[in-house]
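Here it is, the structure, as structure tokens.
Letters A, B and C mark the chains in the order given here, with residues in each chain numbered from 1 onward.
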Amino acid sequence: MKATPYISFKDINREIIELGGKGIFKCYQCGACTATCAIAEGMFISFRRVIKYSQLGLVDKLRRDLVPWLCNVHGDCIEACPRNANPCEILASLRRYQSVLYDWTGISRWWYFSTLKKKLLAIIILSGISILGLLSLFSTSIMNYLSMNIFVNLPNLLPIGLLIVLLSISLLVSNGYRMYKFVGGGKEYTVRFFDALKRVLSFWIKSENEAMKIPDKRIRILEHMFILAGIIMYIFLVLLYLIYPIIYSLNPYNYVLMIGRYIAAIMLVVGAGLPFVKRVSKSQKIHWYYKLFRHSTDWVGLGFVFAIGLTGLLMNIFNDLHIYSLTYVVYVIHIGIVFPFLILEVPFGKHNHWLYKTIANYVSARRGLIRGEILE
Amino acid sequence: MIQEPRVGVFICHCGHNIAAKVDVKQVADYAKTLPNVIVSHHYVFMCSTVGQELIREEIKKHNLNRVVVAACSPSMHEPTFRTAIESAGLNKYLLEMANIREHCSWAHSDKEAATEKAKDLVRMAVAKASLLEPLEEEEFPVSPTVLVLGGGVAGMRAAIDLAEWGFNVYLVEKNPTLGGRAALTGWLTNNRRGADVVNNLINKIVDNKNIHVFTNAELVEFSGFPGNFKAKIKVNPRFVNEKCILCGECEIECPIEVSNEYQYGLSRRKAIFFPFKAAYPPIYVIDQRVCIKCGECVKACQYGAINLAEQSLTLDLNVGAIVIATGYDPYHPPKGEYAYGLHNNIITLFQLERLLDEDGPTQGKLIIGGAVPKRIAFILCVGSRNTTPSSKNYCSRMCCTSTLINAIKIKEKYPDIDVYVLYQDINTYGNDETLYEQAGEKLVKFIKFEKPPTVDISPEGIVIDVYETTIQEEISIPVDALVLSVGMVPRRDQNELIATTRASCGEDGFIREVHLKLNPVEAPTHGIFLAGAVTGPKNIIESIRAGSAAASKVATLLSEGKVRTEPFTANVNEERCSGCRICVGLCPYKAISLREINDRMVAYVERALCMGCGTCSAACPSGAMQQYGFKDIQIMAQVVAATGGGIK
Amino acid sequence: MSKPVLVIGGGISGIQATIDLAKHGVEVYLVERNPSIGGKMAQLDKTFPTLDCASCILTPKMAEVLRYNNIKLLTYSEVQEVKGNVGDFTVKILRKPRYVDWDKCTGCGTCTERCPVKVPDEYNVKLGQRKAIYIEYPQAVPRKALIDYSHCLRLNPPPDLKEKAKGKPLCGACEKVCPTKAIDYNQQPEIIELNVAAIILATGLELYDASNIPEYGYGKYQNVYTNLEFERIVSSTGPTNGNIIRRSDGKPPKRIAWIQCVGSRDVRFNHYCSAFCCMAATKQAILAKELLPEVDTTIYYMDMRAFGKGFYEFYKRAMTEFGVKYVRGKVVKITERQDNKNLLLFYEDTIHSYMKKDEFDMVVLSVAVRPNRITAAPVKTDKGGFIQIMDPYMDTVTSTTEGIFVIGGAAEARDIPDSVTMASSAAIKASTIAKKCVVEQTIITSGERA
């Protein structure tokens, strides 16, 4: 009769609460969150169940569950919850907890459970290292355009940069692989790959389209899109720039690059800056979404993006105004932010979610958890 | 003296209520043609002052001796018309009503057919009215004394309320102390224990001169009728008198040690013992079932408070009413049910309450099996809601709330203990819902089951296997201690009570009330009132309220100093009665007994007890049993008239 | 002679307390805001778990109130002010004008037939209609007519008609037909002052406004009903004569759903549990099954609170004998189909753990109850608006002011047996106080008679 052997019982509730899921024990399992959710509408999943797992401390079950990563933070559940448990926030905290579980280095645990001060200290130390490293590579001050270009095109810089990116990616991917194994990826697949891909895409497009119709959600989705697009553009442009540096300022390629950089930087600044502005400005009613960011890592994550965007933007401006000394200073700061971002935030912090979300969507689609059609 | 019947028929229009569907004039004319009918009138409102005056005038004018009013339901205006004819000098039971509103005009749409039906109804009423006899109400003086059985919260509250109202109250408790189960209930709210509540009530009882408390006493005989019951009380010897100052010397010397029922078996006590801190009367008691009368205690007592030769005494009381507040027993799981009795760390909720109580065996420390458990689970609905073969059919109402209060208390005292609550439905009704919220805040974990969980005892400890329905997973929980939240069952000695008093029990085994909805504290037998958990599971607040409510009902019976009975009681024709006893067993009110008349056993109806249900007259094979107002001939006349026999 | 006791509220609790007090030999004033006593119970069809007809057990009690000489019934009256303390309360009561002389009125109902103005009927939760002069319902106690000032053409004519009439009095139909000449358009509000020994608050419950919960579309979707509305629909004395028909098309429904905990157990609305809705929904499902044997009934619940005597057995009976379906899950949203006005319910079946959608012809919301507010009495209320009981473990029904007792729904959401028990327990306490306050004579103010 015993279907499962002893399940490890661990009181993880206090940890979940620490990770921001303050309402975890308000849940009385009514299912309102699932029933109101646009995602659940198209999938055979229950957000309520994973909350129960964590209430009971069924860590094994929790580790195996994909559901937190399927949440798109539409926030309908927040208003539907009869106990004001804020399911959205609980899911966010469960994601953090799951990231901790997936991570083999233990850094993620430290990152999520340490105080903001400690986190900032770690970031400062890492930026310090990167800045010092940078200065040691090229210590002469840069006063003109030419030397700026020479600096950027230092032969060592590209491989070092790539190395750091590689390190970051490999940490993340190894954790992603662990996640894939935990959730039993590869097993119980019932839907073929392309079919699954088609379903995922059509489902997301449909559900996000629906969400876009509601102004509250639209602005939030746009913010997120700005950040996403900004980052992708940035990565693309930086790589392009590193591979094909600009020599002549009158080259049309240069203009494309310049405009692209501006757009990407502005996207990041706006996308990541808006939440800060809205959170800080007390005059207007704070929207539920901004109340969600209760955990320090969320703000750190957003801060990174904002800082990268801002420094990038300033760098462009100074460069185009030919104020090379400032460009240099900002550039150094920029690198000082990107480095900890790549080392800490991407593999261990909030910005790992793109990979985990992709895996979760992929696995659940292959398992046939996405309904053929969305409920009316 | 049988007079020649002179019937007056009065038909009411009730505005349009009757007149719109019934041709009242036609009915009135028809009524005149019926035998014995002297006059027949119709009027727009018979119940109005003018209508009543009309009836009175006609009675005097035509010397009428029977009155038929065809109007609304008798439950509405029968008292009105009775008063009217009484003021005209007639016996008020010489009235018969034909209900041509609710039974006719309101129910039909066809005017002609309705008129015919009204005629039928009037004809039937006239047929019966001709045979009506004058009846007299009987009045009995009552004794302003009340017997309250059971010294738990409900009984004590009833006693206090009755005494404050001015009645003399005998409070009879079977155990050596007042307080009942509530005294053993640990925490009720955050800062109040059952013992505190009991203490408050006891203080009020001690202060009140109208209350006479008999502990260690029981009701052995009960007879009589409302207002004048005879109760025989046996007071068992306590062997210790008021000289006792609770020094406790005797207890030390006593060689006999038994399990302490006042701690639900969690500790042991001597044969001479003091039940609990707040116990009343505050003197020691010897448990005569186990005492070997060795005399050690007598030697130890410096105050000469112990007398082993004390005898039981019997008291005869004359009481006006009785309040039964004998309470309940906790469900006792049979050995092996949820592994109860197979492991020391499996206890019941009642035992847990003792453990958490400061006056308990561990002074409020949660020590189960010698240590504070790290993980503790509650299983709800033990013994209730059909969970196991020996379970009862009903929900025990208080266990959910009680479990949550205790779970919260555990979490407050020991935040690191993992508390699991295995439930089917959490019944924290009303404002108790906040407890459910609080339990969540305190990180109590809830597991919902449909199929009762299984409990295994393994070398490592207790393991609960349960199918969690909300996550559809079979899970195993190893726990250090298991608490079975047992429900309430009727008292083991309830059958004796039923045999002594005239109470009866329902399907669930608890004492039955007259009406579940509107008379929850009255037994079907007049003069017997029910308070507290004797009628079914209740929490302490509800029991206390029921105690007060029962007191109120007693006051409604006894406040006037006399009881008046409706005259529609059963009556025995002693010559016809064969003494077959059929009626004795059938009477739901136990109003019929046999008595000897002319060397023959015949049925006898205690009129004060008879509620006029008619069961006996229907069952009587010889027709000896007749009910006033509904005699066979009267009913038969109606039936004959209805079927068109006799006159048309 | 002992001082009288005042009972405020003529629902089942108030009636029971009044009758008990009268039997204790105490003079009682029973004040009721509505034209008839009876309260919420009078609107019910049957009661759980015995399936007794509610009127059949209530109306005798209502009639009993009129039978005692020491009960003074003051309906259509409101308590405006309570002053003083235990044993000596001074109460001001407003007797609203009824424009009908109740001593003369016989309750024949002729006037109500002639009255030209139709108004939604409060007794039938506005599902039916009544006239501007009306008797609340056939079993009303006292069964007397009264005029609704705001809708009467004579008393409160609409401006356009008033202009046309040029100062001449309008309508007057009721006055013309009244056989006892009981209509009195000049009646004025009257304030009476009483001195009482104790006060029992039995102000009872009202339904929470379901339209505050937009997800369920009450008030927007035609086929969404409240539990009280459904109670009137199944009742044979109700607006549909006991036929369960849909508001949208008048057809009997094939599938009915009950949604529990609407506005209760919900921190957005009311924290508390309304205590009786689980059983009431079960009862309503059974009644629906009895009236329409083919109907499919489903109850959406979270915890089935079958806690009282005979409740669990009743719940099991509904399941096995009547085939009522129970689904554990909270319905979060209802949408209406445009074509046939059917309703789609969105919920998670928590036993299968994914979202479901079901279509129903009719939805009944088990709406939470909330206490009626009473501002006149000097008592404290809790967060939910319920009147606080000083110490439920000691004085059981005494409010925060000594001598003022609170019973029934005013104290906590409770079912009928609990309310009745509280009523009796308040009665003995009030009469104990009243008996101690001996006065030479009471100012007898006329109460209503049958």
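Just so it is clear, a residue touches a chain if its C-beta (ideal position, glycine included) is under 8 Å from a C-beta of that chain, and two chains touch if they have at least 3 such contacts.
None of the values given here were measured: they were computed from a predicted structure.
> Taking each chain's centre as the mean of its C-alpha atoms, which one lies nearest the mean of all protein C-alpha atoms here?
The most central chain here turns out to be C.
> Between chain pairs B-C and A-C, which one is joined by a greater number of C-beta pairs in contact?
Most C-beta pairs in contact, of the two: B-C.
> What whole-number Å value describes the gap between the mean CA coordinates of chain A and chain B?
Each chain's C-alpha centroid was found; their separation is 66 Å.
> Chain B to chain C: how many Å between their CA centres?
Here the centre of chain C sits 27 Å away from the centre of chain B.
> List the centre-to-centre spacing of chain A and chain C in whole Å, with centres computed as mean CA coordinates.
56
> Which parts of chain A, given as residue numbers and ranges, touch two or more other chains?
Residues 28-29, 48-49, 83.
> Could you list which residues of chain B touch at least two other chains?
Residues 426, 437, 470-472 of chain B each touch two or more of the other chains.
> Give the residues of chain C that touch two or more other chains, as numbers and ranges in rising order.
265, 350, 353
> For the complex, give me every residue of chain C touching chain A.
Per the stated touch rule, the residues are 215, 261, 265-268, 302, 329-333, 344, 346-350, 353-357.
> Help me check something: in the complex, which residues belonging to chain A touch chain B?
So the residues of chain A touching chain B come out as 1-7, 9, 11, 13-14, 25-29, 48-49, 52-53, 55-58, 61, 83.
> Please output the residues of chain A touching chain C within their complex, sorted ascending.
The contact residues of chain A facing chain C are 28-37, 40-41, 43-46, 48-49, 80, 82-84, 375-376.
> Given the complex with chain C, which residues does chain B contribute to the contact?
Touch list, chain B to chain C: 13-17, 44-45, 47-48, 75-77, 79-80, 106, 157, 161-162, 164-166, 188, 192, 197, 200-201, 384-386, 393-395, 397, 400, 425-434, 437, 469-472, 507-508, 510, 515-521, 535-537, 540-542, 544-553, 555-556, 559-560.
> Using the touch definition from the top, list the residues of chain B that touch chain A in their complex.
375, 418, 426, 436-437, 440-441, 443, 445-448, 463, 465, 468, 470-478
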